[in-house]
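Take a look at the structures listed below.
Across the two complexes that follow, chain A remains constant while its partner is chain B and subsequently chain C.
Up next, the complex of A and B:
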């Protein structure tokens, strides 16, 4: 699971959960996957991302010094930051770890790069 | 649009995961035919529900030349794994998630949604418990049943998705949905109108024993 994907995941399907976002991420094994840097795409994706979850992911991935805690007004001409966001969002593949619902504490394991977020019948 | 390589998948995989067939290729052909639309749309998040082998979302990811985030969901872990391997094998950037439909994604985030649902008309019993994790180690047989058993009119899973569509699609989002004639596509189009969506039969094809459609669904212009 890439950290860009993490930004879209919620636990709101659990019965009684109101927001379910952001999930609490733990990384126990990750892999670096080099991918081509496309500054335009990173910039276009940003309005769709939740910055607090971007920054939260950076903290877990130990890249917090690369990413400002508050989203800068303009990023388009800040190639250095776009490059760092690219690395954070697309080049870190979480192989083992977990996601935790912020409201219920329900844990979703990440195994072999795949988050298992399928709920049981009594949870929905 | 290039058909992804899937020679890495073996007969052993196909015991658990739906093997690409005419329906998969029709969905690929529809996406290829609608590339001019997709290029204008510039989707940022594309999601395939029930990705199975993963060839469709992998093909789309390759076509969009990695300028879009592509995610695949499936309730069958073996399918999630097959999708991940297919993406890797084709050097596509696709993440795989095990969940029900798109129920883990933030609301109204999906720009392109693809769904080749379990559309075969069956008894509802064959569908029972399909939406849930159930046992930790589902049998081979059950894994594959998920991929085709559609309950009454082959519509149970599709109807559930359509009910959630407003929460899934982004304001400019589009759904490409594969249907069988027995699923009553005209009835589905009417139902979607009631939900404020515009649906058209975008492509259709007769194959041995089945007549297939691709429905293209967008929000009704306000």
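Up next, the complex of A and C:
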């Protein structure tokens, strides 16, 4: 799972959960994959991103010094930051780890790079 | 008729390692899947501006449809219930991320995430109750409402699916409308048994005209236009309406021809009596 996907995942599907975001991420095994840097795409994605979750992911991935804690006003012309965002969001592949629902504490395991969001009968 | 896979086992069991392997080796399956994914992408009707968009692939399986999205420079996230299929997708190193999840439990994404959604041959699985606590209507509604919220307000969702009968089409579309979607069914090649394909095209941003189906022109020609002449013909052929003046006059004329005693025709013939009686 890339960290860009992490930014969109919620545990809202669980019965009774209102927001379910951001999920608490734990990484036990990750891998670096090189992908082509596309500044316009990162730029287009920006309005959809939740910055606090971006920063949270950076902390877990030990890249916190690359990403400012508060979203800067203009990112579009900041090529260096865009590059760092690209690295954080698209080049870190979480292979093993878990996502924890902030409201219920339910744990969704990540195995072989695939987060398991399946629910049990009583959670639907 | 061929047995439907939905009847043999739930999707997470049916698409086991063995079945999943077919989707990476069988060229015929690959060809059909890719063809349908291309058509679904066309039906999404993105403006022609070469921008890459963020698309959700529901029932992505081994990522065959995702590869089509990649070819058009789009980013995608896939969701599927079969781990075996997703393992193949990871093995194939598809560009999109894949998530293990059940459509009927709702889409686990933040509101306004995706610019569009496609789904190839997955929706019919939702029409079955595979577990004792499954209710197809409720699962469909949950799926459509959560999908509606995770799409942007000008997005479309295109589902290629294999409905078993007209009741299933009705069930699926009614739940989609209940969730707030506009749109309807596009049937490609409606007159062919093999090439016939159903696409459910749903829109979030108000009603818009549905795209034209492929190979459907023959049907339109067969349809007879409504013409005024047909009404005129019917009038000429039929009798005058009962109790009308014409009908009474014709009746009296017939009696006269039969030599029966008949009152003469006057301006009072067939007039209504006043309220005095």
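Everything below uses one rule, namely that the second predicted complex is superposed on the first by the 124 of 124 C-alpha atoms of A that agree within 3 Å, B and C clash if a C-alpha of one lies under 4 Å from a C-alpha of the other, contacts with A are read in each partner's own complex, and residues count from 1 in each chain.
Assume a residue touches a chain if its C-beta (ideal position, glycine included) is under 8 Å from a C-beta of that chain, and two chains touch if they have at least 3 such contacts.
This structure is a prediction, so every number in the text was calculated from the model and none was measured.
S.K.: With both complexes superposed on chain A, which partner does A:10 reach: first (chain B), second (chain C), both or neither?
M.R.: Both partners, chain B and chain C.
S.K.: Applying the document's definition of touch, where does A:121 land relative to chain B and chain C: first, second, both, or neither?
M.R.: both
S.K.: Kindly classify A:38 by the partners it touches after superposition: chain B alone (first), chain C alone (second), both, or neither?
M.R.: So A:38 meets both chain B and chain C here.
S.K.: Identify the residues of chain A that lie in both the chain B contact region and the chain C contact region.
M.R.: Looking at chain A, the two contact sets intersect at 1-2, 4-5, 8-13, 21, 35, 38, 40-41, 44-45, 48, 50, 112-119, 121, 124.
S.K.: Spell out the residues on chain C that touch chain A in their complex, using ranges where they run on.
M.R.: Interface residues on chain C, with respect to chain A: 51-52, 54, 75, 77, 79, 81, 83, 86-87, 90, 95, 97-102, 105-110, 112-113, 131, 133, 142, 146.
S.K.: Which bits of chain B are touching chain A when the two form their complex?
M.R.: Against chain A, chain B makes touches at 42, 44-45, 66-69, 71, 75, 77, 80-81, 84, 93, 95-100, 103-107, 109, 129, 131-134.
S.K.: Sort out for me which residues of chain A touch chain C in the complex.
M.R.: 1-2, 4-5, 7-13, 20-21, 35, 38, 40-41, 44-45, 48, 50, 112-119, 121, 124
S.K.: Of all residues in chain A, which touch chain B in the complex?
M.R.: Result: residues 1-2, 4-5, 8-13, 21, 35-36, 38, 40-41, 44-45, 48, 50, 90, 112-121, 124 of chain A touch chain B.
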